[in-house]
């Protein structure tokens, strides 16, 4: 349906992602208990609280500063790896959105590519390393493909969310190569990576926020 | 049978008491767990180890120094209340035996009376206060009565052991008025006092040591 | 099931722990005659000496307070068990001097009996010793008879304060008077959340249900005054500090030492959160926190809980508290 | 079932603990900008400043090492979670000076990412900061890539040694070189017996069977290299010190710092018994214990276990270790 989205739709996407994380933070901490230190749900809750706070309190009503404020809010959460990683994602989105106030599918994909690039400045993790990248990289690729295929934005986000979820689910079979989980080596096999799961929830939220 | 006993019989009495405590130290600690700090069995084990050590290593072969060495050994065990209380008992026995090397029933009773008196220098506890005194006082009284009744020593020690055990059993119905257990007040009711139980074991040991 | 403790033969607990203690703190303390922890550098013999006694298993207390500006000798018993009179009289003889010896005893049945027997001998031998009994537990009520009030963590700041007075060259009577003033104005209340395992027997030293706490617990698992459902840190702090402030008669404008002494498994995080709750209550009452030592001073193995201690302070007591000392458990620059 | 911890709202853990920390140690430290623990008396601005960052829940570390002769600023995150880059860059700006800032970071994913982002900004702003990464865990093998080796308790003595060098007026390059020499010659191995409860989530941070122990456990419950049946203190000590001595290449005649750092519920009694076991092994090898700090420096809530730390010492490092300092966690006279 929608060919372009603007400030209000982006806020709807973000708010839906906030809700998605809030509804699943216990499960995220549980996942982190299996492979890390059990706090990823708490960290993500704080991250999305920071997102919501920017949205609620005097938001700048322009995409770049909105995303930049969110990035600094998320970075400031004292959430271990979560702050820098997801903060970087939003910092990259803010870089990538440039001066656009309406986004078509290609602009949306470009924005997320910039987000991914910023995360990759912090982490060398690739698909297969059992991190959030296992969800983020395929999701961004799906957006790019959708843009090239001239999909609608709803459709693009749906494919991104599916790709993220598939990527997250696939981490169950992997052995962790990054983060705290790495120290568990072989014992991480059989557990979904919490950062990948939360990335999937974010994209599912983005998708649902637009779908309304 | 026996009208008098000498050094060898006293050593047999002591050794049998040592064995009796060794065989029951876990139960004594259990009792102390209910009303105190759970270490009375350990303390009594150390006390009787000290007794045995004096008996085994170059014993003085005279009653007064034997009992005095035992008293210092028992006092030296770092056993909380047990060292001073049971050490005092032996110190009193050593005072009470005087220069006797053979004891008739009256001398035996007098010796234990001196033992009791020394313990009473450390403690004002009376029968009914739920302490070792609930076993010790009746046991010493039984010895005195037996001496007055011209009983044999076996007979006297059997009565003393019975009196000690009855006194110990009776502590179950009492509320502690002395020692650590006092702080538990009402909650001590229903549990036998560990010090009274070990006193009963000692007298049962003395009795069996002679009975052989 | 093996005990979840790093130990060897349970019969060797005390001797092995003292050996390790000397390796760790050999610059401050040394071991004499198996069970006497003494200062590495002996105090000037013209100054009053301080001696104490007590069971092990409470580390760093009591021996952790031996050193410059605090104790001269700690007579160590066995786990949770007082040392017997022979070692105690040995320590009093060792410490004896013209300036005199202050002998500090915690009110626990075994400690007191050992101390009394040793004091009898000391008197017979003409040693110059004065004994002081701590009994600041208010669990049985602040005006319960002294025999019923246990000596808890209050001995630790008392060692420090009396030690500073001794170090300053005060006479035995003066040191005694200062220590007794502190002793008369202090109070402790303990709270327990989770039991501990006795390292010699392997048994739990008490039982507490999964949703219960107990205020008034003694430092060897002896039961306290009342069990209740778990409370928040703020609720716990309010109940305890209210009783403690009343026990020492603290009024608006008074200055308190407030010590939060961890029992073992309670984290410093929790102790800090409790102390914050205490301050809120004292602020309401206009009572000042003059100092607030916080940490593990006298533990009960890995029990979860803490002892809250208060003492009414005056200028002299505060000066002595802040004077330098150098012990394993406490160093003041 | 309520958590058996003295806390209030789990969301307020860090802010409340910092508040209490300042009440207890207000003579040594102060709180700035909510999450920065700074020295109560600021260091001479002509001297190198030391900054670190890390999660809370490990008290007394890391902030317990702020004070004279040690750290200038500790940036506190949340429980077991690194602070975000904004607070870190704020601290670096606050500490910045001509003499320079040594920024000490423990190798944990979150800490390092936060530190890297802050360092990027610091460079853009032209701040005079040098970053040093600790990574002394040998659980993955002493020659595993640095990324895999966690920063454990080694940061604590490193703060003290670098702090003494800074206090002595050495330049940033000199302080860095000394700290790096210590860093290059240190190793830690952790062992866990019992899990702890995460105070925010109420969940156990790992599971360990009733008869199991685990050597190599990380300080947030991340699993280690191997579970085994419970061992005695002596067996545990032998396995750990043998690996550690080999990791730092200690040879006959060498002098080691050996630190036994309690994780929370492990008693000082046990730590002393372990240290005694360590000394027996080192005596066999002719390696000397130059100093043996023992206590709770960096905890993991009420986990039972400890971290054993060694460092090869030389005269200068020992002099710096023994220099005066005055912090909540460590005071040297």
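Should a chain be cited, it is by its letter among A, B, C and D, assigned in written order, with residues numbered from 1 in that chain.
As a convention for this text, a residue touches a chain if its C-beta (ideal position, glycine included) is under 8 Å from a C-beta of that chain, and two chains touch if they have at least 3 such contacts.
Keep in mind that this is a model prediction, so the values were computed, not measured.
Across the assembly, the mean Cα position most removed from that of subunit A is the one of B. A separation of 76 Å divides the Cα centre of subunit A from that of subunit B. Each chain gets one centre point, the mean of its Cα atoms, and the points for subunit A and subunit D are 33 Å apart.
Chain centres here are Cα means. That of subunit A falls 54 Å from that of subunit C. Centre-to-centre, using mean CA coordinates, subunit C is 29 Å away from subunit D. Counting partner chains per residue, subunit B shows two or more touched chains at no residue at all. Of all residues in subunit D, none touches 2 or more other chains. Taken as a graph of touching chains, this assembly forms an open line, each chain in contact only with its neighbours along the path.
Touching pairs of chains, sorted by label, consist of A-D, B-C, C-D. Residues of subunit C that touch subunit B in their complex: 14, 35, 55, 76-87, 108-110, 113-114, 116-117, 139-140, 148, 150, 198, 200-201, 203-206, 218, 220-224. Chain contact summary for the complex, subunit B toward subunit C: residues 29-30, 33, 36-39, 41-43, 46, 72, 74-85, 87-88, 122-123, 178-184, 187. Residues of subunit C that touch subunit D in their complex: 1-8, 13, 16-21, 23-25, 56-57, 59-60, 64, 193-194, 199, 210-211, 213, 229-230, 232-234, 236, 260, 264-277, 279, 289, 292-296, 299, 301-302, 304, 306, 324, 326, 331-333.
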